[in-house]
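Mind having a look at this structure? Questions to follow.
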Amino acid sequence: GRYGRFGGRFVAEALWGPLQEVADAYELAVADPQFLKQFDELLDRRLGRPTPLTPLPRLSEKLGRARLWLKREDLCQGGNFTANLAAAYALMAVRMGRKALVGESATGEFGAALGAMGNALGLKTLIFMGREDQDSEPMGVRRMKELGVKIETVDAPIRGRKIAQSEALRFWGTHPDDYFYCPSSLAAPDPYPRMSAFFLSTIGVEARVQIERADCTPEYLVAPVGSGGFAAGFFAEFAPNETIQLVGVQGAGEGLSGRHAASVVNGRPGVFQGTYSFLLQDEDGQILAPASAAAGLSVANVGPQHAQWAEQGRVHYVAVEDREAYKAVQMLLKEEGLLVSLESGHALAYALKLLPTLDEGQDIVVGISGAGERDLARLEAFRAAEKAAESGGRA
Amino acid sequence: GRYGRFGGRFVAEALWGPLQEVADAYELAVADPQFLKQFDELLDRRLGRPTPLTPLPRLSEKLGRARLWLKREDLCQGGNFTANLAAAYALMAVRMGRKALVGESATGEFGAALGAMGNALGLKTLIFMGREDQDSEPMGVRRMKELGVKIETVDAPIRGRKIAQSEALRFWGTHPDDYFYCPSSLAAPDPYPRMSAFFLSTIGVEARVQIERADCTPEYLVAPVGSGGFAAGFFAEFAPNETIQLVGVQGAGEGLSGRHAASVVNGRPGVFQGTYSFLLQDEDGQILAPASAAAGLSVANVGPQHAQWAEQGRVHYVAVEDREAYKAVQMLLKEEGLLVSLESGHALAYALKLLPTLDEGQDIVVGISGAGERDLARLEAFRAAEKAAESGGRA
Amino acid sequence: MNSRLSRVIEQAKITQRPIFMAALVAADPYLDATLDYMKVLADEGADLIELILPFSDPTYHGAVIQRASARALREEVGWDEIVTLGQRFRETHQTPVILSTYYNRVLSRGVTPFIASLCAADFDGALVTDLPFDESEKLRAALSEANLVLPPFIAPTTSLERFKHIAQGCDSFLVWTGHTGGDPTMTAQQFEQRMREFKAVSSRPILGSMKVADAERARMVSRHCDGVLVGSAMVWLIEGRGSQTTDTLAAFVRDLRAGMDAE
Amino acid sequence: MNSRLSRVIEQAKITQRPIFMAALVAADPYLDATLDYMKVLADEGADLIELILPFSDPTYHGAVIQRASARALREEVGWDEIVTLGQRFRETHQTPVILSTYYNRVLSRGVTPFIASLCAADFDGALVTDLPFDESEKLRAALSEANLVLPPFIAPTTSLERFKHIAQGCDSFLVWTGHTGGDPTMTAQQFEQRMREFKAVSSRPILGSMKVADAERARMVSRHCDGVLVGSAMVWLIEGRGSQTTDTLAAFVRDLRAGMDAE
């Protein structure tokens, strides 16, 4: 449960036992070939793995001589990487004899992924979601409703979306025998950071094979980092290989001088949501509300493995502003016809900056955590705002 | 260009030459290993092929002893099978030195697929789309706009959505050297029916291998049939194998006694959109406006290969009403957590009727042509209407 | 080809006078009006009349004729009424009439009944917009047996080689469609050049259907080919023009005729 | 453990009188009011006071304390003011005060300065809601050196074996949280049974925090363990109750005390 000085299980006593039970069940599950086979079959037959590694010849040519590639979790069932996690959690829940899943969701994507896998395995699903998040993600909410997911609305006008996770955890504390807890965040109490990273490591394992087959020799692997679940799954396989520079890209919001979501870049270590890791907090230790146009990056803290990687210097963490991410998403659409999420747009934006600095025969692989359909309205609004700004001052 | 007495190239003289040019280019392209390699690479690296064959153990158990499987084009790039076609068309356009793609789109899905592949290969894209269709498919329109697709609005309050295809074709007749024509419909003049079926045959070829590997022995292959592009791609590989019953499911709308889209089941042969095939028409030979809640099935005629299969009895064509399709989509969501399009829901509904009639060790494979995200609002409305009806008469 | 039609073609050849074919949509706005308009066309100098049978999806026609077809469809005119229209026209006029439609209306009627109707109406042939030469052999043969013609279309995308092939199989005259409902895609010079090439390999008359809407343009087009087909401009005149339509139409046809004959 | 606190615990053991711990959120609605309320608690019979230091995300507290924390946060109270509060309370009262918070506020302050502040304020220990026993060794040791306690929590999900382990390491008393912000998950019988098991293996006092909101329930809970911790009910009384708050609070505490002592 520790990553150097990070990680741990900082929870109310009521949760210690349930978490230990999950930890014990997890240890047994990953030692059980039958369980791993079930998991692999779900990934293969239901989720559509492997997701492809896509070369972007046009965009690469436009920006220099190196080659840009994308690892495409947008093509995973549900349009994003969380289906992998949902599959694993649902299998764990069945293994542990639980009747339902409980988790939280900021965008509705993880909620829908849990609902889908829950239905497939005969489990009910309960999702805590902030009222504001529900308003700004109508598609995700609709999807959950049609799946029969029970949505518990969390009203938290002051404290922002981080409260949904707290409420889900709190609920679980009183119903640990009926529910399996499914945090969307990697910044969660042990065993969740190691468990989710393991179940998501398929992404990196697949990518490594594809990279070798494609005769691609990456200098950089770039991935978006909110709480860092996707990036942990993508990076883990490459972390021991010192020749590839790993880059985690966080949300700088409207700039690091204002409100943002750059927990590693601009936060400091602290305990929140059950783990000791980098955290957005004021000098009194009060948690700051994260801010990024990308809901998936709008997280106050990061999974503990990222904190360790940051201190070790193994992964380089940077922050990219909303508008850079929007522009990267638009550029990818225009040059390559691919619509990725704003979260992924952050990683892409940084890769687009790196690209001109590289030489022929060098490669960058960007991890795409999800598809961008849910960002279409935001993209449209951004384009309108940019246009207004260009034609003389923001109206 | 003939399928028995069906098919042909019934167009204004201005289009004969351009179509012949496409036919010639197509013949050369499919004989060129380099071209096929390019196409396969796009399918593999960009579209995420192969799409999985998913077993549905829960739903199967619920309905009997046989097993139900889905071939999942909803996991293809863009969320539906049209990306396969768009990739092929865009490659053909480049090969023929065209600068742009022109086509029509009822849902915006094919338009977005063309826009995406166009951007990726440096082609502009022009899409004809009815005003009403634009209103009922805001997501598709947004996606096309963000891709930079030029949308030509077709106003046709009287004649319905079939006019968009006519307008696109008419436009192409005057710009054949700059544009490559991309019909969304399989019911198009030669060489399009054979060309699109060939490019879509990957679906069936993949499915056959997967079916064998999964130790699945299908009694039935079931697919939705609007103009029948997807079904043609899915069925072609299995058509010579007489032991598998192929079933094409059309849209019966609110019932075959009223307005519907069951061109094979309830139409008769005629010439429309350049091809001789089954067609919805009145006794005077006027084309009837098709009606199905599934936009992709709402087509007045069918690709000529389906007409031939129907006459030969090789494929069995049936029609399913809107409400049965809605219910099938909902059942799949509830039991298996998968959200497929209403088009696919038609095929699924029929498969769900077949399932209880089969024995242990028998299988049904349903071809899923696309994902159902765009149907979420319609599903919600249907659920509300059903509820209102249950609680005493439709309000 | 019956003698009525062959006389028109022969006459034009001898007099070097351009052939003027004028189009109307049957039953736009109602069938009796169409009879009146046909008479006006004939009286004011049209050599041939294209009578467009309304179709639900006139794909290759422009907006004007699409609208006219939609209006005419609401009249729900049956084959018997079309036959009667032809017969009533023939009571007073000998101007050849070509019934124009889309192929599905022919197929739906059945080729034999279709031809029987043409004969009963005393029409002189058919134009089928979406039936290219290569798909038309059977229908042409059947029509021919009844002394009826099926003039083929040619277009800017028709190669010289293909033109030769089509002209060889042509039983009467050819219709050049310089547009496909869209804008013309050729300059006047390109058109002139193309006509010269075509005329060098075939003596079949070519009628230009090129959005002719005034005498000047009628003269320009007919200078390079053997005649003019005026459709949209004619139909547009009829569209909601009120009680003066017959006079306006007469004046327009006269004007066009004069323009063609000016040289 | 300092003598102030050990005296309370010893006294309770000798007199068999339940320990009454009452909680307040510091600076809700403002700091001076908190001082008044603390005095009321002490005067009317509370044996211990839990002074809750507001935290932005009181994850494991219920809605009442979450709202109170949000109100208190707006007062932007600093450590110096908390120290002063403690000192001013000590001028008149000897009731032990346990400063309660979440772990990040401790870490952010730094363990050494945190303990220094507790000492300066003349507080008697700390409660850290999200610091389970297994993660608390270092902080407990540091506090202990300063004669301050870190009472551990136990819960319905705490196994007997785990309880033994925790009780062994306990330096003062244990706090049983029968809920986690949610509803109690045990029946009265289950609770009684569990307490019997726990008492059989440890003599450390157990204070029950179980949504006690009236004298009857206070009596019921304290019958099976060694005392009661009343939090939400106390804080709810303060929430927007106007000028009569002090009197109402006094009456409520008196009532609870009487309930506990009734047996």
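Lettered A, B, C and D in written order, each chain numbered from 1.
The criterion applied here is as follows: a contact is a pair of C-beta atoms (placed from the backbone, for glycine too) under 8 Å apart; a residue touches a chain by one contact, two chains touch by 3 or more.
Fair warning: this is a prediction, and the values are worked out from it, not measured in the lab.
Touching chain A and chain C at once are the following chains: B. Seen from the C-alpha centroid of chain A, the farthest chain centroid is that of C. Taking each chain's centre as the mean of its C-alpha atoms, chain B lies 67 Å from chain D.
If you average the CA atoms of chain A and of chain D, the two centres end up 38 Å from each other. As a whole-number value, the distance joining the C-alpha centres of chain C and chain D reads 99 Å. Within chain D, contacts with two or more other chains are made by no residue at all.
Across the assembly, chain B contributes no residue in contact with two or more other chains. Pairs of chains that satisfy the touch definition comprise A-B, A-D, B-C. Taken together, the chain A residues at the contact with chain B in this complex read 44-48, 51-55, 58, 72, 75-77, 79, 115-122, 139, 142-143, 145-148, 330, 333-339, 373, 376-377, 379-380, 383. Against chain A, in their complex, chain D makes its touches with residues 55-57, 59-60, 70, 73, 78, 102-109, 129-135, 152-159, 162, 177, 179-183, 185. Here chain B touches chain C in the complex through residues 8-18, 158-159, 162-163, 166, 169-171, 173-176, 269-274, 276, 279, 281, 283-288, going by the rule given at the top.
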